[in-house]
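One chain, subunit A, links the two complexes that follow: it is found with subunit B in the first and with subunit C in the second.
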Partner chain A sequence: MNLLDIRNLSIELETTNQNILAVDRVSLSMKEGEVRGLVGESGSGKSLLAQAIIGVLEDKWHVHADRFHWRGIDLLRLDIEERKNILCRDIAMIFQEPMASLDPTTTIGEQLAEAIDSKQLSGFFWQKQQQRKEAVIRLLHKVGIKKHIQCMKSYPHQLTEAICQRVMIAIALASRPVLLIADEPTAAMESTNQGQIFRLLASLNQLKNMSILLISHDLENITHWTNTITVMYSGQFVEAGTTEQIFNKPLHPYTKALVDSSPKANLQLPSKSRLMTLPGSIPILQHLPIGCRLGPRCPRAQRACVEAPKVQNFHGHKVSCHFSLKDTY
Partner chain B sequence: MLIFTLRRLNLFIFTMLVLTLLSFSLSFLFPGDPVINLSGQLNSTEQQLAVINQSYRMQDNIIWQYFAYIQHIIQGDFGLSMSSQSPVIDEIMILLPATIELSLVALLIAMFTGIPLGFIAAIKHNKTSDNIILSVAMFGYSIPVFWLGLLAILFFSIGLGWLPSAGRISLLFEIEMVTGIQFFDILMSNSPDKWQAFQDATAHIILPACVVALAPATIFVRLARASMIEVLETSYIRAVKAKGLSFQQIIFRHALRNALIKIIRHVGLQFANLVTIAMVTEVIFSWPGIGRWLIESIYQRDYTAIQSGLLVLSCFIFIVHILTDFIYAALNPLARGNKHGS
Partner chain C sequence: MSELLAVEGIAKSFKLKGHWYHKKEFSALAPLSFSVESNKTLAIVGETGSGKSTLAKILVGAESPSSGKIFLNGQQLHKQQLKQRCQHIRMIFQDSGTTLNPSLTVLQLLDEPLKLNTNLNESQRRQLIRQTLQKVGLLGDHMNFYPHMFSGGQKQRISLARAIILQPQVIILDEALAALDPSLRSQMINLLLDLQQQMGLAYILISHNLGIVRHFSDQVMVMCQGEVVERGDTLEVMQNPTHKVTKKLMMSQNFQLKHHKHKCM
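Then we have the complex of A and B:
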C-alpha cells in the first residue's frame, strides 16, 4: 500500500483577470521508507505542491485533486479539521529559508518545546515541564547540536543558517512524523553544511524508516540520496521513476536535457565546449503555452504537443510525453 | 542593556539641549527686551533690573547668556509669569500632572481598544467584521475633536446626566495635593470618604479621556491591522501552522508579539499627536491642565509661560518616547543586545 497517493492535483491562482493554473494535474505517490526527490526549475510548482500537501497554502490558491490518499485513508472525504489533524500528526515539513521560518522573538527552546505533543509525555503535570525539556535536549542531540544549553537560550538571529536548519529538522522530528517534506533544505548553504544536512536526513531515513520527500532544483546534487525521482516542469508532471531509470534512461526530452546539462554526464565532452542546454527560458505564469508546456522549447515537439499528453507507464517508469525517448534506447 | 540605556540618556540630554536653544532664541524673537522675556519681571526697579541683568549675564556675549539661561533652568527657575507675576515653575508643577494624568489615561484607553480591534480586523481579513471595524475607524478618525467634545457633553452630561462635564473632581472633596496625579493623591490621603472621591475623579476623567483617545485609537486600529496582516503572511507563521498548533496558539504565542513589535514605536510617535488633542480637549472640558494654561498664555502674550510651557511639554513627550523604546527593546530580542556595524 502506498503511503501517499495523489492523483491529478491542480493548484489554481485566483487573479482579477483569469485563473492561472500554476500546478496542472500532477500525480505523486510514495511508499513507506522511500526517499523521493521532487525536481524542477524554480517556479515549476514544487514548493506549491508541498505546501498544498501539508495544507498551509494561502487562501488565494485553490487546490483540487482527483485522489488524495494517506495510508489508505481518503482525505478528500474528511472535513478540513480532521484532515488537518491527520496531516499534522504524520507529516512534517522543513521550509526553504530556515531563518525566516523560525519566530524571531521566541527562543529556540520554546519553539522546540511547543512542537512536542503532550501525548508523548507521561507522568503528572508537574513532571511534564522537566520531561519536555529533556525531550528538547534529546531532539537537539539527535540533529547534531551538542551545545544544547546555549542553543535553547538563543534567538534565531543569533544562530547560523545551518544550525537554524538543524533546529527546523528537530522541530519537524518532534512530532515523530512518518513523512518528512524537505523543501530545498540546503538552499543558500555552503557545500560542507549541505552534506551534513543530507547525511542527517539519510540517517533518519535508515534508522527511523521515515519517508522523505526531498524537493530540489538540482538534479545532480540529490541523486546520491534518493531512491526515486519525480520531475516537474512549469507546473506539469514530466517523469517519475527510480533514480537509475531517470539518470540512465530518461524518457522525456526535458529530463534528458536536465541530465545532459550537468558536467558529470558530459565527461567525454571536449574541454572548453558548451554544455547541452534547451533553447529559451521557462515560461512566465501569465503566458503559459497550451498543451505540453515544454512545447516551444522541446527538440522533439510536433503538432500533437498542443494537447497535453497522457501519462504512460513503462514498468513503474512514468512519463508524460507524446514522443518519449523509449524507442531510442 | 546598560549601553542601551546610556544611549537613550545621551539622546535625551542632547535633544533637551537643542530644545533649550530653541526656547532661549524665542526670548530674542518675541517683542520686547530679552531679559524681561526670560525673567518675566515687568514692574521692576532699576536696582532689580540690574540684578536680573547680572544673573542672566546680559553684559557678556550670547554664549554666556545661553549658559546662564541653562543654569537658571537647571535650578528650576523659569522666571515669573507675565500675567500673574507668580513663578512659572509653581504653576507648571500644579498643572502638568493633570495633563499627564489625562493623556496617559487616554493613551491607555486608545491602546487597549485600538490595538485589539485592529488585531481582530486582521484575523478576520476581508470579512464583514474587518470592513465594519475599518470603516468605523475611518469615521472616528475624521471627526474633529472640538466638535466631538461638545457633542459628548451635550449627550452624556446634559442629555443623559451620567457624567460631569467639567473639572477634575467635585469641589466637595478636599484632597491634599502631594504628587499632583489626582488618583494617587486620593489613594494616599486619609480622608474618610476617599472611595467616593475616587469614584468622582473617575467619573470626571472618563469623558475627556475618551474624547482624546478616539483619534489615536483609530490610528492604532489601522496600524495594528496592517502589522498583523503582514505577520500572518510570514513564513514563520506558515511553519508554525505546519507544526500543528491550533489557531489560538499561533495568534497568542507567535503572531501577537511580532505584531506588537511593529506598532509599539508608532505608539510613541502618536503620543505627541495625542497631547496636542488633549490641549484642545482641556479647554472644552475646563480641565486644569497645562494645555489650557498654555493656550491662555498665548492669548495674554505671556512670553515666559509660552517658553517654559513648550520646554516642559516637549520634555514630557520625549520621556514617553524613551519609555516606548524600552518597551520595544523588552519585546524585541533583535533590538537589545550588542549590535555590531550599526
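Then we have the complex of A and C:
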C-alpha cells in the first residue's frame, strides 16, 4: 500500500488581480521505506508542495487535490484537528537553512528536550526529567554527535552548519516519524559535509525503514541516494520514475536537458566543449506560459503544446509530454 | 606562451587579539607561487578556511598581502597602482543579487567603472555598454532596467558584463557558478568559455563542484589550511590524486561520478 498518495494537487495563490496557479495538478506517491527525490529548479513549486503536505501554508494559498491519502486515510475528509494529529505523529520536516531555523536564544539541549513528546515518558516528574535528558542524549548519538555534553550546552551560532543540520535531523527524529521531508538539507554546504548528511539520511532509511522525500534543485547531487525521482518544472509535473529510468532514459525533453547539462554526468565530454542547454530562462510566476510551461524553451515544442499534456505511463515511468522521447530509444 | 599573471611567495597573516606580551598571529595563507597563461583557466579547490577566498581578495586588490609580489605581463603590481590593477583583474562574486546596487540602473552600474578608468565621452560609453550587454546575451535596451527586474541568471550576466567591460585580462570567479540553477549554470559555462576564446581571458575559478572544475579548467590547485597541497593538470590530478586532502575531496564527490559512469556503460 502506498504511504502517501497525492493525485492532481493544485496550489493557487490569491492576489489582488487574479489567482495564480503556482502548482498545477501534480501527482506524487510514496511507498514505505522509499527514498524519493523531488527535483526542480527555483520556482518549480517543490517547496510549496512539501509545505502543502505538512499543512503549513498561509491562508492566501489555496490547496485542492483529487486525492490526498495518507496510509489509506483520506486527509481531505478529516477536520483540521484530526489531520494535525496524524501529520504531527507521522511526518517530520527539516528545512533549508539549519542556522536560521534553530532558535538562536536557547541552547541546543533545551530545543531538543522541547521536541520530545511527553507521551514517550513515564513516571513522576523527576523521573520524567531524567528520561527526557537521556532521550536527548540518545537522539544526539543517533545523528552521530559524540560530544553530547558540549553540544547540548551550546547555542546554534557556536556550532558549524553541518552539526546544526544534524541537530535539526535529531529534532525531526524526536517524534519517530514514518516520513521525513528534507527540503534541500545540504544547500550551501561543503561537499564533504554534504556527503555526511546524505549518508546519515541513508542509514536512517535502511535501519529504521523511514521513508524520505528528498527535495533538491540539482539532479546530479541526489541521484546516488534515491530510489525514485519526480521532476517538476515551473509548477507542473514533468516526469517520475526510478532513478535509473530518469537518468538513463529520460523521456521528457526537460529531464534530458538536465541530464545533458550536468558536467558531472558527462565525463566523456572533452573539457571546454559546449554543454547542452535549454535556451531562455525560467518564467516568473506572474507570466507563466499557457499549456505546457516548458513550451517556449522546449526543442521539441509544436502547436499541440499550448494545451497541457496528459500524463502517460510506460511501466511505472510517468511522463507529461505530447512529444516524449519514447521513440528515440 | 608567456605568463600573463605570476604570483611569487604571496602570504597573508592576521593579527589576533591577545595579551600585549604574547601577541598571536594566524597565518591564513602560507607563501605560495603560481602563474596563469592567457586563454587558460586555473581552478582552486579546497574546503572552507583553506584560504582560497583570501587569495582571490589579494589578487584583486581588496586586501594587501603580508609579503610577496604579483606580476602582470612581467610588470610588478604595486599597492598604490590600484587603478591599473582593477582594469586588468576583475572579479565576479557568488551572489549576484547582493553585489549589484539596487538603486542604480544597469546603465549607471556599468557606467561607473568606465567613468573612473577611461577617458571615453558619454556617447562612446553608451555604445560600449550596449555592445557589452549584447556580448553577454542581453539586449542593449536592458540598460535602463533596475537589477530587481532581472532573474538570477540574468543578474549573473550583468555582473559578468561589469567584469568584462574594461577589457580585462584576468577574471576571478569566486563560486560564481554555485548559486545558479543547473540549466542556467550550463548556459553561463558556455558563455564564459566563448568569451575566453574571443577575448583570450584567463580565469581563476574557485569552486567546490569537481564536475565543473573538470570541465572548465586546465590547471588545478588544491589548498588546505593556507597551503597548496597538490597542483598540476586537472585531468592528471583527478585521475591519480596523491595527497589525502585531494583524495578526500574526490571521495566525497567522486563515488557519485563512478556511480554514473557505471550506469552509463
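A few remarks follow.
By our rule, the second predicted complex is superposed on the first by the 326 of 329 C-alpha atoms of A that agree within 3 Å, B and C clash if a C-alpha of one lies under 4 Å from a C-alpha of the other, contacts with A are read in each partner's own complex, and residues count from 1 in each chain.
The criterion applied here is as follows: contacts are C-beta pairs under 8 Å (C-beta built on N, C-alpha and C of every residue); 3 or more make two chains touch, one makes a residue touch a chain.
Because the structure is predicted, anything quoted here is derived from the model rather than measured.
With the C-alpha superposition on subunit A as described, subunit C and subunit B fit side by side in the combined arrangement. In the superposition on chain A, A:105 makes contact with subunit B only, while subunit C stays out of contact range.
Once chain A of one complex is fitted onto chain A of the other, the partner contacts of A:12 are absent, as it touches neither subunit B nor subunit C. When the two complexes are overlaid, the chain among subunit B and subunit C that reaches more residues of subunit A is C.
Seen from the CA centre of subunit A, subunit B and subunit C lie at an angle of 80° in the overlaid model, rounded to the nearest 10. Of the two partner chains placed by the overlay, only subunit B lies in contact with A:92; subunit C stays clear of it. Judged by the touch definition given at the top, the superposed model places A:171 against subunit B, while subunit C stays out of reach. In the superposition on chain A, A:54 contacts subunit B only, with no contact to subunit C.
Looking at the shared chain after the overlay, A:223 reaches subunit C, while subunit B stays out of its contact range. When the two complexes are overlaid on their common chain A, residue A:32 makes contact with neither subunit B nor subunit C. Note on the superposed arrangement: subunit B and subunit C approach each other to a least C-alpha distance of 9 Å.
By the touch criterion given at the top, residues 233-236, 238-245, 249, 253-254, 257-258, 261, 331-334 of subunit B touch subunit A in their complex. Taken in their complex, subunit C has these residues touching subunit A: 47-48, 151-154, 181-187, 189-190, 193, 208-212, 214-218, 234-235, 248-249, 251-253, 255-257, 259-261, 263-264.
Subunit A meets subunit C in the complex at residues 41-42, 190-192, 194-195, 217-221, 223-224, 244, 247-248, 257-258, 261-265, 267-269, 271-272, 274-278, 281-282, 284.
Partner subunit B is touched in their complex by these residues of subunit A: 51, 54, 56, 58, 84-85, 88-89, 92-93, 95-97, 100-106, 114-115, 117, 155, 157, 168, 171, 175.
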